[in-house]
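Dropping the structures in below, format is structure tokens.
Heads up, the next two complexes both have chain A, just with different partners, chain B and then chain C.
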Partner chain A sequence: MSKSTMTRRGVLKTGAVAGAGVALPTIFTASSAAAYTNEPTGGSVTLGFNVPQTGPYADEGADELRAYELAVEHLNGGGDGGMMNTFSSKELQGNGILGKKVEFVTGDTQTKSDAARASAKSMIEKDGAVMITGGSSSGVAIAVQGLCQEAGVIFMAGLTHSNDTTGKDKKANGFRHFFNGYMSGAALAPVLKNLYGTDRNAYHLTADYTWGWTQEESIAAATEALGWNTVNKVRTPLAATDFSSYIAPVLNSGADVLVLNHYGGNMVNSLTNAVQFGLREKIVNGKQFEIVVPLYSRLMAKGAGENVKGIHGSTNWHWSLQDDASKAFVKSFGTKYGFPPSQAAHTVYCQTLLYADACQRAGTFNPCGVAEALEGYEFDGLGNGKTLYRAEDHQCFKDVLVVRGKENPTSEFDLLEVVEVTPAAQVTYAPDHPMFAGGELGSCNPGA
Partner chain B sequence: MDALILQILNGLDKGSAYALIALGLTLIFGTLGVVNFAHGAIFMIGAFCAVTLSKILNLSYETIDPNQTDFLGNPLKVKTPYVESWFGPEIGASLIDWAVPLAIIFSIPIMLAVGYIMERGLIKHFYKREHADQILVTFGLAIVLQEIIKYFYGANPIQTPSPDALSGVANVGAVFGMDIVYPVWRIVYFCFAAVIIAAVFSFLQFTTFGMVVRAGMADRETVGLLGIDIDRRFTIMFGIAAAVAGLAGVMYTPINSPNYHMGMDFLVLSFVVVVVGGMGSLPGAVLAGFMLGILESFASMNAIKSLIPGIDQIIIYVVAIIILLTRPRGLMGRKGVMEE
Partner chain C sequence: MLGLNKKDTSLMIVVIILTMFAPFILNPFPVDSAMAQFNAGYPDLMQRFVIFGIFAIGFNILFGLTGYLSFGHAAFLGIGSYSVVWMYKLLDYNVIYGLPLAVLTAGIFAVAIGYVSLRRSGIYFSILTLAFAQMSFNLAYSVLTPITNGETGLQVYNNDPQVLLGANEATSPHLFGIVMNNSFKLDVGAWQFTFNNGYYFCALVMLLVFYLSIRIFRSPFGLMLRAVKSNQNRLSYTGLNPRPYTLAAFVISGMYAGLAGGLMASMDPLAGAERMQWTASGEVVLMTILGGTGTLIGPVLGAGFIKYFENIFSKINDTILHQWFSFLPDGLEDAVVFIIHPFIGKGWHLTLGILFMLVVIFLPGGLVEGGQRIGKWIKSRGKSEDSDSGATTEPAE
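On to the complex of A and B.
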């Protein structure tokens, strides 16, 4: 019978030495040797698509995910290439990004800031995502943008329309292709003036969170500049479902225009309720009562059905555009999935190509190199005409579409018609505009 | 004055939905002693019965129209509903137009079956468990049901309009010489709720079945000792409660486009209504439903909101706290219910 000489202290010592030895190479590669967070070392690069897969915007998230998958397919040389063929930059060759095959992981934002941050964090820390993109809410976009800034990865925002995303909450690592509340106001105002004149009384119903506030401020400022009077601005809870209590006071308020600063389910319900109360047939001050929905989405317009007919709003992009890039994207997406893409799908597809192109031009995945390549970058061929990624706030400046609910749709997708393409110059504002003041872009953070 | 009347009408309308859901909740609690957190999901399933019937009536066959193109430039597939080809364009279009009222007939057997299966399949196993267990299992069931609906119908709201003939506005103030317009369908909804509530009360008050159920609610053991199978009757009452919530959901679809989450939106409010009305009290549930609906509407008025910002979001809970502090058993609660 042999007697073991192993002691508890001995085991601990040996374990500590062995552990340090095993950890040593990791310490060097993970921290000291890496120039930036999640520097790709193998033959592939991982992107993190953070979209609402559950919750009220799940359908919008699903459409974003379809567009991301299509973009990855095109980047890796599959499919018909979509808008890569029309993109003004010819850096992307269909061989991934910088020769590395593009792979992706997905997260579920649930349209909740905390859940979105947790899924983004997991994709960065566990899956090694070098870039995070997606989302369908400004609250979520701002929260995830902040996280990406701290983690040292690029954030390419999805559908976020609040002025704050590239205003007071802008970050050096964050970039937004989608338009914003100010741009909606600037695009809509001339159309509203032509349609409804300069002597109008507007009543605002506004979703009570960051996006609603900034859109209300933007639209009110734009219409007041026309000479319109703002009768009232009423904030409605985000969780509200029946808006009848908020619509009823409009009837006797003296207002002749109702502006619905609502999105998603809020928009569907408030618009439906407003139509039910006969607002569209009402004559006030000798004028026909009108309803305006500043931010339109085709997916949401479907929920409101007949009620959207003849109602004006703005949108970032629409599948019926006839430029070569839009047609290429619609063909590519429609052939793969059987229906046309939404504006959310379009913006995230563009963001993926723009990120890939920036890496290619910079010759690196380093967030600081990518940010530098995107800042002040002018491009074309992605469906919105000539576009500038402004260096000062990382906001894209491009044409904005004013749309109207179609009176005689020919299909279930044919709900909106473009009434005007507002040129980028008309929606451009100074970087220090008061509606966007209060935050600092800061400097890029490469992490690691 | 006009604004006040409008908000009273709004309150009655909201209260109708609260009262119908709370009535079903109270029926289930009063008979089976179960706190059913899946009741909002039953309301949602009712709404989706209307959506389903509307989709069935809109089932179409496709023909190719070479003169038109789709979004990809291919010849357009034109859809024609089967009902229009079977019964002629006019009758077919009318059937589609009246999908929501027709869904009342369609939904009753479905909702009775949903209630029966839910009670026999799951809830009966939790009769003798703690209320906390019942809440957990029924809440879990509610999540499962709404995820099933989301899987088949998606997350976006689905528009299900009222018939054209009932979709305009009516001048309800004309009789008083005032100009107060109110949506016709909302008036229909209120009248429908009143009829359903009256029917449930009449059923319980004037039928032998109802008498036995009321006796069982008061003293289940004694009724059982008399040789009456009270459990079977209570199961039927669960089915009836499900049908009431389901009908409330069917008729609600034109007011707000249904989505998978609509049950949860009503659930918490309906529980507050039940507690304020008094646990187990049917008249209490109806009274509290209408009262809280009207108060919620008043709190949304700009004059009130400017005095107390945010009051529209908390009014129901503030009133609930005040009532429970002054009348711990609720407005019409009976002694001994939910009390050890």
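On to the complex of A and C.
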């Protein structure tokens, strides 16, 4: 059946051309064996900023991007230097990192693991990024952290609050400055006890993914230790925008506290729904009904408006803190963008500075060298007081803030007030704590 | 050659050349030039081109031949990925175990879903498949969390059994020791070309299934599927039952999707539930229509087109725009950036949407029709005198 038009001459011709084509480029090959993935050879070094620009966490992503740009400006010696002046380590000179000018590429994670990994991969493979940072969702952060471990680059986690990021799913190439669900529980519990007593019935609404699950577990454990009873735990899809159908059953459950394990756009919508259903005016079991939002941010408070007044939660950092570092950061961020930074902006700014400083101290961009410089590193002057990067799980240990929605805000940014600063010792746990068990760091991977 | 007629042989050869030389073709700009932004020759994107090409080729066997528009093919993609990752977890990182299983599992699911859905045709069929896919998505996303690891995505942990894992074996996907992630970089002057094992593995698989799809298109079975598309009633009146044929087409295209999903997990050992979402199902419909429904090469072109936009346009940000237009006076520069801003970065959907509309309105046959028109125009310019030469009547097939 085959009808071939091949001739001997034709085959020879094609073969010769193809052979020449394959042979030719090898003349120019200068295969220099790099010591690690994307070793910067020129006068600049590229960092990859992978944040959600669309989806439920887009607001946080946009603020993270602003902070990254600010950090790059400061590293390259522009602006007023921000927290570089207050940072306890004085290695950074304002001439980039190790004398190389810092450049960056951005990508959209779409708050989806797949898209985030694709975007991170293109940064590593195409743009030659030597470090990836970002993520406003723990699912994404864990997925990208795994990718970075395989590819042999450092991952500096942004806003990720799940216990798993530095617990079950921890990786040797991944580092987290942000606090986690367990810390929120440990910080909130004493405050809740003072406010609402020890005889309460809690109802959990939880975003259905790794962060929601671990935060729910942490908060339930912490409140049950106070004597509270957990009535029900209901999981809601991350992509949900209307929570009415989840709020209605709360009214008849006999619960008198609603714990919203939601973040970003989810929390704005669920809290608004809860308030619309009149939950906050209700008296259940002879007690005032209360709502708790364990992970709080100013951007969420802004989105939820009036509804956040008097609602308690925990946060990693708040712009109204009065230490020198926080003031310096708020000043330089405010000068550039005209409004104060969010906790997401703060944590990614710190992460970028910490990475740069670690490279500087290690004298290399090699992930193994950088990891060694970060492990067990104690620092101060980044707005959270004395902080330790623990070697066992690459988690930062620092003070945690308990905040409350302000009753009488003086400006559109003055939405939260700090109720208590929980000292780091109170939120520290053993590396093999059951909520964090089951994972291994493995060994650092420099790739190539 | 190999049971193909002359035209198909040349098409096959063109596809072979395109895929084998893709690292050159997709990297036309020097690394340090401003245009390097538009280079697509890096492993991840090249892998995506061929993997989604396979997905679209399979989808085209169902949609292009029988006219049944499935809105739930992403379910099979996800199933394929989960199968492969589970094989990593249980056996080891060799993709040889996972890929056949991915095809098989996707096939089994396709039989079940197809058997129910194919009882209806037209819009009802589409809705049924969509419903099944959304069911699969929700199962994977929350109900079956122990199997799928929910939103976090299924991944391999150090404490997984991996019973076949040897002491010196690679700890990322490989085929008998050929590690998918490994690349060979070639510097030619200012250019850099990347040859990636994973890409060439996917490309070879794609060539194989592309060949298979040509054979299906040209086979009596393919002719029967076309008959289903053109008039199902008439087919029934001649005493033929179209159902087994459509079910076979559905299962074949489901297996193609499973293979594509399996390959995705072979390149990157993670399976996420989003892969099964309806947007992913819609994407393959767009790819097929954009490229040219019912044509052989169309779906592959469409897949490449959409993935290029998703990965290249979404990464252009304002800083880059300012660099491009820095030659303009300040006010004008800002104005131009302001106008272009909605179409780049996160606005790439908008650009894609506009292009999709233009293609559908002006080139109903997709990119393939565009290519044919250009071809004809060049030909007619070459020999405008004997214009009636192209008007020879072809025998009816």
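What we mean here is this: the second predicted complex is superposed on the first by the 416 of 448 C-alpha atoms of A that agree within 3 Å, B and C clash if a C-alpha of one lies under 4 Å from a C-alpha of the other, contacts with A are read in each partner's own complex, and residues count from 1 in each chain.
We adopt the following convention: a contact is a pair of C-beta atoms (placed from the backbone, for glycine too) under 8 Å apart; a residue touches a chain by one contact, two chains touch by 3 or more.
What you see is a predicted model, and the numbers here were worked out from it, not measured in a lab.
Q: For A:Phe277, decide between first (touching chain B), second (touching chain C), both and neither.
A: first
Q: Tell me which partner A:Asp164 touches in the superposition: chain B (first), chain C (second), both or neither.
A: In the superposed model, A:Asp164 contacts chain C only, not chain B.
Q: Does chain B (first) or chain C (second) touch A:Gly265, or do both, or does neither?
A: first
Q: Scan A:Asp108 for contacts with chain B and chain C and give back first, second, both or neither.
A: Touch status of A:Asp108: second partner only.
Q: Give one of first, second, both or neither to describe whether A:Val418 is in contact with chain B, with chain C, with both, or with none.
A: It touches nothing on chain B or chain C.
Q: For A:Lys121, using the defined touch cut-off, is the partner it touches chain B, chain C, both, or neither? Pick first, second, both or neither.
A: It touches chain C, and chain B stays clear.
Q: Is A:Ala143 contacted by the first partner chain B, the second partner chain C, both or neither?
A: second
Q: State whether A:Ser245 touches chain B only (first), chain C only (second), both chains, or neither.
A: It touches chain B, and chain C stays clear.
Q: Going by the contact rule set out at the top, does A:Pro237 touch chain B (first), chain C (second), both, or neither?
A: both
Q: Chain A residues touched by both chain B and chain C?
A: Of chain A, residues 54, 237 contact chain B in one complex and chain C in the other.
Q: Please name which positions on chain C make contact with chain A in the complex.
A: Touching chain A from chain C are residues 1-6, 9, 39, 42-45, 48, 141-142, 150-153, 155, 157-159, 172, 181, 185-189, 193-194, 268-270, 272, 274-275, 311, 314-315, 317, 345-346.
Q: What does chain A use to touch chain C in their complex?
A: 1-5, 25-26, 28-31, 53-54, 105-108, 112-115, 117-119, 121-122, 125-126, 138-139, 142-143, 146-147, 150-151, 164, 168-169, 208-210, 235, 237-238, 438-440, 442
Q: Which chain B residues qualify as touching chain A in the complex?
A: Listed in rising order, the residues are 2-3, 6-7, 10, 13-14, 68, 70-72, 76, 150, 154-159, 161, 167-169, 181-183, 185-186, 254-257, 259, 261-262, 265, 296-297, 300-302, 305, 312-313.
Q: Could you list, by residue number, the parts of chain A that touch chain B in their complex?
A: Spelled out, the residues of chain A in touch with chain B are 54-60, 232, 234, 237, 239, 241-242, 244-246, 248-249, 251-252, 265, 268-269, 272-273, 276-278, 281, 299-300, 302-307, 319-320, 330-331, 334-335, 339-340, 410-411, 413-414.
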